[in-house]
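Letters are used for the chains, namely A, B, C, D, E and F, taken in the order the chains are written, and counting of residues starts over at 1 for each.
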Amino acid sequence: MKLVTAIIKPFKLEEVKIALENLGIQGLTVSEVSGFGRQRGHTEVYRGAEYTVDLVPKVKVEVLVGSVDAFKVVDAVVEAARTGKIGDGKVWVTDVDSVVRVRTGERDADAV
Amino acid sequence: MHPAILLAADPVPAAVDTGNTAWILASAALVLIMTPGLAFFYSGMVRAKNALNMLMMNFICLAVVGVLWAIYGFSWSFGATRWSGLIGSSANFYGLGNPDVLSSVWGFGPIYKIGENLPTGGLTAGVPVLVFAMFQLMFAIITPALISGAIADRVKFWGWTIFVAIWVTIVYFPVANWVFGTGWILNKLKAEDFAGGTAVHINAGAAALALVFVLGKRVGWRRDPMKPHNVPFVLLGASLLWFGWYGFNAGSEGAADGIAGLAFTTTTIATCAATLGWLVVEQLRDGKPTTVGAASGAVAGLVAITPACAFVSPLGGLAIGLIAGMLCALAVGLKFRFGFDDALDVVGVHLVGGLTGTILIGFFGFDHGALAGGVESKRGLFYGGGLKLLEVQVVAALSVLVYSFVITFVIGTALKALGIFRVSEETELTGLDEIEHAESAYSFSSTLTGGLTHVSGGAPVPAERTEELSGKGV
Amino acid sequence: MHPAILLAADPVPAAVDTGNTAWILASAALVLIMTPGLAFFYSGMVRAKNALNMLMMNFICLAVVGVLWAIYGFSWSFGATRWSGLIGSSANFYGLGNPDVLSSVWGFGPIYKIGENLPTGGLTAGVPVLVFAMFQLMFAIITPALISGAIADRVKFWGWTIFVAIWVTIVYFPVANWVFGTGWILNKLKAEDFAGGTAVHINAGAAALALVFVLGKRVGWRRDPMKPHNVPFVLLGASLLWFGWYGFNAGSEGAADGIAGLAFTTTTIATCAATLGWLVVEQLRDGKPTTVGAASGAVAGLVAITPACAFVSPLGGLAIGLIAGMLCALAVGLKFRFGFDDALDVVGVHLVGGLTGTILIGFFGFDHGALAGGVESKRGLFYGGGLKLLEVQVVAALSVLVYSFVITFVIGTALKALGIFRVSEETELTGLDEIEHAESAYSFSSTLTGGLTHVSGGAPVPAERTEELSGKGV
Amino acid sequence: MHPAILLAADPVPAAVDTGNTAWILASAALVLIMTPGLAFFYSGMVRAKNALNMLMMNFICLAVVGVLWAIYGFSWSFGATRWSGLIGSSANFYGLGNPDVLSSVWGFGPIYKIGENLPTGGLTAGVPVLVFAMFQLMFAIITPALISGAIADRVKFWGWTIFVAIWVTIVYFPVANWVFGTGWILNKLKAEDFAGGTAVHINAGAAALALVFVLGKRVGWRRDPMKPHNVPFVLLGASLLWFGWYGFNAGSEGAADGIAGLAFTTTTIATCAATLGWLVVEQLRDGKPTTVGAASGAVAGLVAITPACAFVSPLGGLAIGLIAGMLCALAVGLKFRFGFDDALDVVGVHLVGGLTGTILIGFFGFDHGALAGGVESKRGLFYGGGLKLLEVQVVAALSVLVYSFVITFVIGTALKALGIFRVSEETELTGLDEIEHAESAYSFSSTLTGGLTHVSGGAPVPAERTEELSGKGV
Amino acid sequence: MKLVTAIIKPFKLEEVKIALENLGIQGLTVSEVSGFGRQRGHTEVYRGAEYTVDLVPKVKVEVLVGSVDAFKVVDAVVEAARTGKIGDGKVWVTDVDSVVRVRTGERDADAV
Amino acid sequence: MKLVTAIIKPFKLEEVKIALENLGIQGLTVSEVSGFGRQRGHTEVYRGAEYTVDLVPKVKVEVLVGSVDAFKVVDAVVEAARTGKIGDGKVWVTDVDSVVRVRTGERDADAV
């Protein structure tokens, strides 16, 4: 099993969700984060002075993947989240030892 | 507005009644706070990303209308009648009787004395003209502000500002003249509208409906919940509205007397009953009474009692409030049935509530002042006055509705055609606060850090950053 | 309430005093805003998941009491005395003098004229009855609202609504009659309570204590901090209370005169001193002065000066405020010692503060009006009046305390037995906003998305989802 | 303050004018709400970690100044003149005419009657002294509160409290005497300052500038954005300020008459114009009109019209507002140019705005009251009055500026030397709410849990925890 | 060393914390997330219209585990977090290369 | 590739960011968390009663590391985040299978 973690632009969340559902993904966890990559934040003006705000709001999506190919998931997310502009985000995959569904106690592939 | 408050072009000076003046000064301040109250009522109901834009759509009405009112608005609304009751104009009302070096350049007539009063007569004697002008200004401010809720989340800020300036000029000032001033509805038709059911609520509600059609739906309407981001603000706004509305309704008497007391009473009781009515409908329909419902119910009651407040008994007010609260609770569902995106239910509350109150005078009407003078037609159907008053009320309501709808539709269409009215889809998705105002409403987070680049007038933003900017920042 | 304000069953019409009327109209509006102020003061102190329920517990008092007041509340409170000073009733006060078709059906007596005034005499002449009725309504609204803070986070919304309706009927209306109207405390005992230390604060505080016993503790009390979720709202509420309290205290004079000025003055100075007093206690006891403490101190001062505001000197007010601020700061710890879960310290502030103010009149009392008439007993102990006034004050305070506690205990126990008063433990854990009102106070997040299922009246919720609903959603 | 309002040491009793009294009572309440309004205006602009401290810096002004005013402040400000117009003192004003047992101990003179009025004459007759004293107290409260915004985020709470007590005593009370009372600016120099452009705004602005120099910059200034954490609160505060300012300006007439109406009018129109002016500058300079800008523009307009409100025409007010709005929008950038950390732009808005308004009277001045008496020098340059009035205005403005700056610098330096004024860097980083008040403004999260350790007076905090405490907690 | 990540219902946090303490766990990190699994969100009514809200608030608990058996931790969490209703959550385990305690610089097993 | 996760005190974020930039790190993701370790929370007084608040606010920083040595990153973070007082936090390293940059579709080392 794998855990796919994606950092995306907040307004792309809806499209990413739909792309994942089309792949048959049954669950996901979302959180609010902020970050910067090569885009190095943006600038804001306040009271006539200009500031860089280097941490830009992003959304983190985490998806546990069992039977489905993790790379298909990555590709689907990347496609749905892309705008082609800087700040589009990152997706990465890590290995998961085991998963348990709390309600049923099912384990691993069944639990995803 | 009590019919006795008529401003002659050249009012006869009289002694100031300090008590009446104190009440109208206080009332003007009370009505002033209604516009920020409305701003919070509305802003709490939109999503967090548009919270400031909603506040600004209301706040800018203060700024724009205040300036226009001083220059020509008061004269057009309360000056001597012109064109058979369609507009007012009195030279010495322009610039609020400005004793300015400019006045001679502009050719304005004689400067009126500051201490000058409303004409004596009736219950309204002894209030200086400027006090009355300020009280009425607050009505002119809140009326366009009411419209903003219907078209939340999708309008360019400066486009809206221009709309407000045009709209008050060719819709509000004339209609106020008809209903409150020297115009035809008050003086020829002799309809009853104590504090602005037609001029304020039907007027704003009809304009809201027109703009909803002109501007179209928001991205994601019907799909996304678009729930209130800050419900306590909704209730804060409703509370400030209720508070300020005492100036609006009881101040419309123009004096601190028994009729003001009656207006205060019916305003209170109708609002209480409407709140209960709305909550009961919610309980029966949705299974839960909500906070947004309580706030909306209170506003619906305030709207409906506005035209009627001094023309019905306390229990008549109770009935009007109850009916309006229940009716408006049902009416806010109409937009889903008919598919128009009236974002914050301005049509459902102000148009429906305003019509309800204006027309119910035809049933519950019982004008103590007029009755003392033996004017039988001022009794509604339930008090043996027959259908006469009802007819008059319907004509007044529909006249304002149609005029406001048509003219607003034209103004809105023109501004949209010019490309300065509706924001882009990307702006809607990102949020109007960031794109239109370069701000975000809240920064509770401790993880937002950054640094000063330069002070205004310094180096431009590095090119590579500007792309991210247009999407997310500034 | 100044003793001179007595409503005869058939008041003698007199000329309106526009100045006094202006002040009482303004005061009524000021007291109206106190209830939303209280709602924010309380709501900011509860946890975020119950923020709306707390607002609603207060807001519903407006709706319910307003309606009941119009129908019979005013008559019971200010009608001609019945049953040796235990209740009032005047036929023409029912329906607020309703000139309605219904009035003949219900057999109410002669309709009174709207412009009718309070009886001339003393300083209170010239205010129309309806204005006075509205001013007094606001007191009837806020008194049950005060109770709500003690039983925060655990009461069913409709159960509370029913409680309020019963409580004002059999507790508030009679007690208001005793203290402000035609009843025994004002007219036979002749205790001094200018603006409601007994009828409002001791009354609400005693009822709060009774309900805390009836309802029991919240889940997690003493274990979880249950800290305020929005401290700025606490201060906003306290500020609106302070602002509105000028209507409450200085308006209770019924006129705009020197005694109103004295009431305004002592109210201000006592509140300032109480705020300082509370903060000093916090600094000494906890090492830090807190914002919640400053807000609570201000409210404690306002409560304590309420009965005394026109009966003490400015420096007497300063002393009362300082004593009340320090005493109440200590009193809010009592609930931990004695193990009763008075959630937002209604007992600690309103009961203790109300008792403090009512009884300190016995020491600092200096009734300028009465003294002018040579009534020596109106001087307190420190001004050579002996123990007479103190005794009278203690009897008044205890009478209201005991009556309110006992009757409230009975009402509360009955409602609890019917199962409509206390929510389930699961509701408490999830939060009352979701379960009782299907709302959440704030949605700052951009990650909450979803979609429209149907408009009311459409298909029911799919079964598999309803389980999650009852735990988290709806 | 209209020049006719002068308190003689032993005012001649006269009949109460209930209308004027009603308006000044209402005005005093309106000005009271300005201080909480200011608290929200400022608090919304600081970072979330300092939100409560900012509220408290304002709220404590209410508590401290109220108490000092009652004891000696009113006497020093409005008592009979001493030391050639530098201070006031009337024995029967100490303790607000306290009829207390203490008064004989302290040797105060005859006790004045509560119903006693301002001397009849001019437009200000018939308002009881205590009502006037309370109205003026509210000015004494908000003036030091205004200063707090400049030194946000870096001051010890009790140090600030002590500063306020000293500052009102040796700066505000004397300056109020000069400008509003029996002192030299009003009575010898005869400068025009209707509602406090010098005594309130220039005074507070100059003191703010002095403290900014004394205290130095915040950690991270110019590096971190330090953006507003809650912009709706900024607008809420600005709205309450605007609302309350009607009491401030129109109440300064001391009566409900035509001049009060003029003051109300110019206040409104100037504020509207200033809001527009600020937004236009922002649009041209930064490309976007902001909500914080709209709120700041409104305040700038209110500040600038304060001294001029009854001395200019409505269109004169419009001009003053527009100039002030644009000028202050540019002035808030000065701190970056000159490198002083005026956190919330008190200098840019109140000092610059106050100077603008005070000096523009020299151009737009048109004193209707004085002109009626034929006093030519009361006309400004644009109305043919020559440079006379302008000179007088400049002298008044600079006198207050210099006095306030110098004395404040000395007080601030002394407190800083004592180590009780500026917080540590660690406190600044962690946030003043946690360190100074043991609170945090908001707890929206459901993940903050914990448990009761003990009730006050119990066991001390375990040693191993205290380290984390000083960094993060309590 | 392992990292145990649990997505649970917010009101179960207290019980999970107690269960972990009973196992001798010395630290944990909590964050607010939202997500959906098989339960697919819930419905809400607003102004007479009914919506699905598919992202339901959850709490994420992360626990680094050194000496203690990761599976004991998983079991303890699952037991404490279970209500038996949908939406109870997921628990998963991933491998951790190394851990450092910031204050002391201790590494790996000592650092947990 | 590695993922370095650090739980630090909020006011140390700025210094950690600077330390990472000095190492040439090009991006990071930040989120707000709360937690406790050996320090077991802090106490607060409310209305004269004292409570322990066991979850103290912290900031989580996540950094994907490709070419740079993950341990250098850990050391830099530890050094920048240390105050020497309890509650300084934890840093840990996990293995990452693959990384994609959303905007360009670049993979793995190039994507970091």
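Worth a mention:
One rule holds in what follows: contacts are C-beta pairs under 8 Å (C-beta built on N, C-alpha and C of every residue); 3 or more make two chains touch, one makes a residue touch a chain.
Predicted model only: the values in this text are computed from it and were never measured.
By the document's definition of touch, common neighbours of chain D and chain E comprise A, B, C, F. Steps from chain D to chain F, minimised over paths through touching chains, total 1. Comparing the residue numbers each copy contributes, chain E and chain F share less than half of them at their mutual interface. Each chain gets a centre from the mean of its Cα atoms; for chain B and chain F, those two points are 52 Å apart. Computed centre separation for the pair chain A/chain B is 45 angstrom, with centres defined by C-alpha atoms. Residues of chain C in contact with two or more other chains: 17-20, 22-23, 26, 224-225, 227, 230, 236, 285-288, 292, 333, 336, 438, 442, 444-452, 455-456, 474.
Contacts with at least two other chains are made by residues 11, 17, 30-32, 34, 44-45, 48-49, 51, 53-55, 57, 83, 85-87, 94-95 of chain A.
On chain A, the positions that touch chain F within their shared complex are 2, 6-8, 31-38, 54-55, 58, 60, 70-71, 74, 77-78, 81-95.
Residues 44-49, 51, 53 of chain A are the ones that touch chain D when the two sit in their complex. Within the complex formed with chain E, the residues of chain C that make contact are 429-430, 438, 445, 447-456, 458, 461, 464-465, 467-469, 471-474. Residue ranges of chain D in contact with chain A, taken from their complex: 224-225, 227, 285-288, 292, 332-333, 336, 345. Contact residues of chain C toward chain B in the complex are 16-23, 25-26, 28-29, 32-33, 36, 39-40, 43, 51-52, 55-56, 59-60, 62-67, 70-71, 95-102, 113-117, 128-131, 133-134, 137, 157-158, 230, 233, 236, 436-446, 448-452, 455-457, 474.
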